[in-house]
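One chain, chain A, links the two complexes that follow: it is found with chain B in the first and with chain C in the second.
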Partner chain A sequence: MNVLVVVRLVPDLVEPLVVTPQEDNLDWEETALVLNESDDHALEEALLLKEKYQARVTVVAFDFGEIDQVLYMAAAKGVDRIIKISWPHREPPNSLEIAETLAQLVPTLKVELVVMGCQSPTEFLGMAAPQLAAALDWSYVGVVRGLEASEHPEAWKAYKEYPGAVLAEMEVQLPAVVGILTASQPPRYVPVSRIRAAAQQTRFEMVEGPRELKEPSAAIRRVYLTPATAHATMLRGSEEEVARQLVEILLEKGILK
Partner chain B sequence: MSRRIAVPVEVYRGQITDLTRECLIAARLVARDEDEVVAYVFGEIPDHGNSALQLADRVVTLENGQVSQPVALAQAKLLCSKLDRKDTELVLVGSSSWGLDVGPLVAAFWGVPLVANCQGLERRQASLWATCRICAGKLLVDVEVGAQTAVVLLLPGSFLRKEVTPRATQPVMEKESVSSQEWDARVRFQRWIEPQREDVDITQAEILVAVGRGIERQENLEVAEELAEVLGGVVCGSRPVVDQGWLPPTRQVGKSGMIVKPKLYLAMGISGAPEHVEGMKDAELIVAINRDERAPIFHVAHYGIVADLFDVIPALKEALVARRQEA
Partner chain C sequence: MSGELASGSSSRVAEFYRMLFEPPEGSTAWACMQCGLCTSSCPLGDAMEYPPRRIIAEAWSGTLERVIRSPSVWMCVGCYTCSLRCPRQIDLTDTVCPAVRDYALQEGIQPPPELRAAFQNLYLYGNVFGQSPRKRLEWTRGLEVTVRDLSKSPEPVEVLWLVGCYPSYHPRNQVVARNMARILTALGIRWGILGKEERALGDCDRLFGEEGLFEMLVENNRRLFERFQFEKIVLLDPHAFRALEKFYPRFGAVFPAEHYTTFLASRLQQLRPWLVKPIKARVTYHDNCCVGRRCRCFDAPRALLAAIPGLELVEMERNREHALCCGGGGGGMWLDAFITQHGGRRLSDVRIQHALKTGAEILAVSCPFELSRFENAVKVAGAEDRLKVRDILELLAESMGLNEGGGP
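Right, the complex of A and B next:
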């Protein structure tokens, strides 16, 4: 089976976010980017499929920011093929641009399964994974924690997460797009030395992405940092002082007896 | 011109979800007098489901043997075939595990905008505006949807406490049969898998010590466990900690984890993403410790401490032990 993994860079939410002075977008030049967490899990799930079922794994990404580092990491982890889509634009592709571009590319790759994060932190106009499935007219299940072979050769089992740590076992007929939330196991660690070695040896296949971008499907009027509508009462002082204050509060509230 | 606001009804474990009720409240609030709010139920209406559905003008029950199964692909296709896109202004779906599949698929099948992570929705003259919360709640985006047909994914907790004027009349109840040809069978529901319950039930704990990404390493969980022991509580965590396999899924608090309402929720190194807040916002007392003073967790916490959790925990443990000895 041939599996395609889509990986995306997204803002590093540990770092402060900066909005443009016009409040119309994130200031992408000031925004640190990291691999989308659920895409990292999708990559891990694809590697597990390779190990368990001899799947051939291709990774695809848009050429934005320091995506090469992510792709070298994927190479070091053992993917079979890496494709980079050119992206000569000032901001990363949005969900619809990803879905539309991949809907053109995927039929040329002879893959039966696309796995990618079921969402990314910047998605608000569109969601790439389900919209790619719809564009391809493929099966879709999202919010998935792990995949397994089914007794039916043309289908896979996907475990969809529900509240209360409950899973729904779904049988998904191929070809399919699966939106991964979490892999069956945590993403594997790969030593920096192996990533460096992969950077020396890996060659990316390049595919041309769209040169012209469409207008967004709805008008973005303002982008801004979330104002504090309510805020905690802050305890201040040394660690010992805040600890003492907190113990007093817990006593006062009847939590400590 | 009269238009339809459609709300696909999510039934989970035999009950209409609170999030569906929120969608119906939001629909009522943005509907004009001439608009119609229509709830679409896949399969039979559950017992006790009527109070939420009272918010609709019309309730359409789609019936055959399969439609109640939670298969978003088939249900989204069915919805698109039963609804006239031109007459529909808005499809409002809750941002749940089910809704995150149904909403985007409906938008994609119809080729209309999908507005995700929506926490606010209002009508300004002829145009609908949405406010979306993204980047783990750190950023807001105001979007003018306009008058075009759109699908909106509503975040939980956005409309639950908003008041709507009760409708004077009962909703019109309709049934529509679904043929087997109308049901997309490429995805099939097989079974529910319940979590293994040999672990503690965090929904019953009165004191929860919750750890997030700030705990950094599995070995560091020990400091949280020691604090929980002194407090007489239980350790739980946010999604990143569970995803790393450091805690079992039964200890995850949030949208796809557990909904908890303890007397004390001590959030340590948790940023406060909406998915996590959904699971703990109703705790009686929330105390947050985070190095980032802008962390959204401070918007829901009653008390906050901007500090490194590894500095505060030992001091807190010491103060608790000292207090116990004094008593």
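Right, the complex of A and C next:
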């Protein structure tokens, strides 16, 4: 079993988001990036498949931002192969660009299963994984929280949650793309010493990505931060002052008479 | 006993034995005579499946595999009591526990989730809170004294003050940071901070076996400090002070450092004329483990408190080198639930009973972890009306008429 994991960087909301002066995109040079959370889970699920079923795990990422750090972390966790796709553009790839680029690459890798986060903050409606499945004409199941071997050799069991505490066990015909929501266990911690060692020992395979991008069929009209319509009022001062302010507010609202 | 390894089958085991039996300084664990003093004096020793004595015995026997799978690996709170009591002067806190934890991590044993998050935050953001480094200066908001942010305009200073993660981000500790700024300014000291470039020093992470993370922080901090001109580094966090004083030099990062208690106590003559406003209260002081037991500095904090007019200093039954740990050191700050679950108690809850017994109205502390730990413990004890927890800096600032709002 050969598994491909797609990992992406997304804006890190620990830092404030910065919009370009033209209000047409995020200012990507000013935007701190972090590994997409559900991609982290996809990587963990792939590593579990490696441990349980001796799957061979390849990680692929677009060369945007400080992706190398994420790839060294993946190497330290024990993936078998790392591929980096060149991406000389000012913005990270959108879901369609991810799907189209990977649809060219995947058939050359002899993988039967692609796992990636079922959503990321930078894509609309979590489309990257289903778009990739469509481009490859492979099976797709999304919002999955665990994978297991099936009794049928050409299939895998995927577990998916539905509203009302309903858990579905699905059989996915291979080859397939699976959108992971959470892994069967939390992403593992790998000591920094091993990441640093991986940084010295790991060589990435480079694959050329698209140099020219297609004109998008839909243009972004405006990107802006959601305006705050109301603010919480922080009561400051000593305990007595805060208590007095609280009473005043309760009186003003008519809660106290 | 010879220095031959009990098991040398893997390089990780060999590294463990190197850390344990070939420490850069101090006595080797080969010297252990299995007297058990370490275990009997450990505040959580009774709850550990593998207390320090047994870890050494298992290391001799080459049976570490079962040790690293036990919760007791993560229960040491770095209080240094075992190191102090060891008749063979084996530095158990600084060698045994970090070595076992490092080995466990290298073997793929997962640390408890809350610790994992703290490590991850440090790796990504340089602070345990997972906050933006850009927010490091938020504690200065509204501060009426000038703050020299050396990251923006480097200039020679007398004191490079490493504010620390808790005083930078934690609201209760931000009050303490502001008081430190006021006191340094009042004393006419030329001081500066590193602003958004400051990062954690990483002592707790080293004690928790994340040697790689510690080394990364040391390398970054050394490069950072070398860019600035200062006479001395002053710190509020005793753990960070300890790291800078003892472990940074191992990496060639030698910087003169002082905890704020010794720094201010050495300027007591200069400070004394400022201490005019009486604080009429019974105060007991909790010796933090790093400045106290580890660095054997017990008098400086007491001298500062004794200089405040009206203040009556009373001692807890266990004080100075015998003080009970608050439970927050060595990474315990992020493992409260885990340690309480496996240890059956929270050390800060036990310690607060010692403070209450003295009849003190104020528990004075000098470590950023202790404010929140003891304030929670006071609430757990239902003693909010009897005992307040205050950093020594808050008491000094109040007596100097510099504290926020000017009142107590």
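Remarks
In this section, the second predicted complex is superposed on the first by the 224 of 257 C-alpha atoms of A that agree within 3 Å, B and C clash if a C-alpha of one lies under 4 Å from a C-alpha of the other, contacts with A are read in each partner's own complex, and residues count from 1 in each chain.
Just so we're on the same page, a contact is a pair of C-beta atoms (placed from the backbone, for glycine too) under 8 Å apart; a residue touches a chain by one contact, two chains touch by 3 or more.
This one's a predicted model, so the numbers in the text were calculated from it and none came from an experiment.
By the touch criterion stated above, A:230 is placed in contact with chain B alone, chain C being left untouched.
Annotation for chain A, partner touching more residues between chain B and chain C: B.
In the superposed model, A:127 makes contact with chain B only, not with chain C.
Of the two partner chains placed around the shared chain by superposition, chain B is the only one that A:219 touches, whereas chain C remains out of contact.
Of the two partner chains placed by superposition, only chain B is touched by A:159; chain C is not. In the superposed model, A:206 makes contact with neither chain B nor chain C. Of the two partner chains, chain B and chain C are each touched by A:186. Once the two complexes are overlaid on the shared chain, A:34 sits against chain C while remaining clear of chain B.
In the superposition on the C-alpha atoms of chain A, the part of chain A touched by chain B in one complex and by chain C in the other spans residues 14, 16, 186. Interface residues of chain C facing chain A in the complex, by the touch rule stated above, are 102, 105-106, 108, 110-111, 113, 116, 119-120, 123-125, 130-132, 134, 210-213, 215-216, 405, 407. Interface of chain B with chain A (complex): residues 12, 70-73, 96-98, 100-101, 104-105, 107-109, 112-118, 129-130, 132-146, 148, 150, 186-195, 207, 213, 231, 239-240, 243-245, 249-250, 252, 255-259, 263-264, 271, 284-288, 292, 294, 296, 298-307, 311-312, 314-316, 318-320, 323. In the complex of the two chains, the chain A residues touching chain B come out as 11, 13-14, 16-17, 19, 26, 37, 41, 99, 118-119, 121-127, 129-131, 133-135, 139-143, 157, 159-173, 176, 179, 181-182, 185-186, 217-235, 239-240, 242-244, 246-247, 249-251, 253, 255-256.
Chain contact summary for the complex, chain A toward chain C: residues 14-16, 32, 34, 186, 188-189, 191-196, 237-238.
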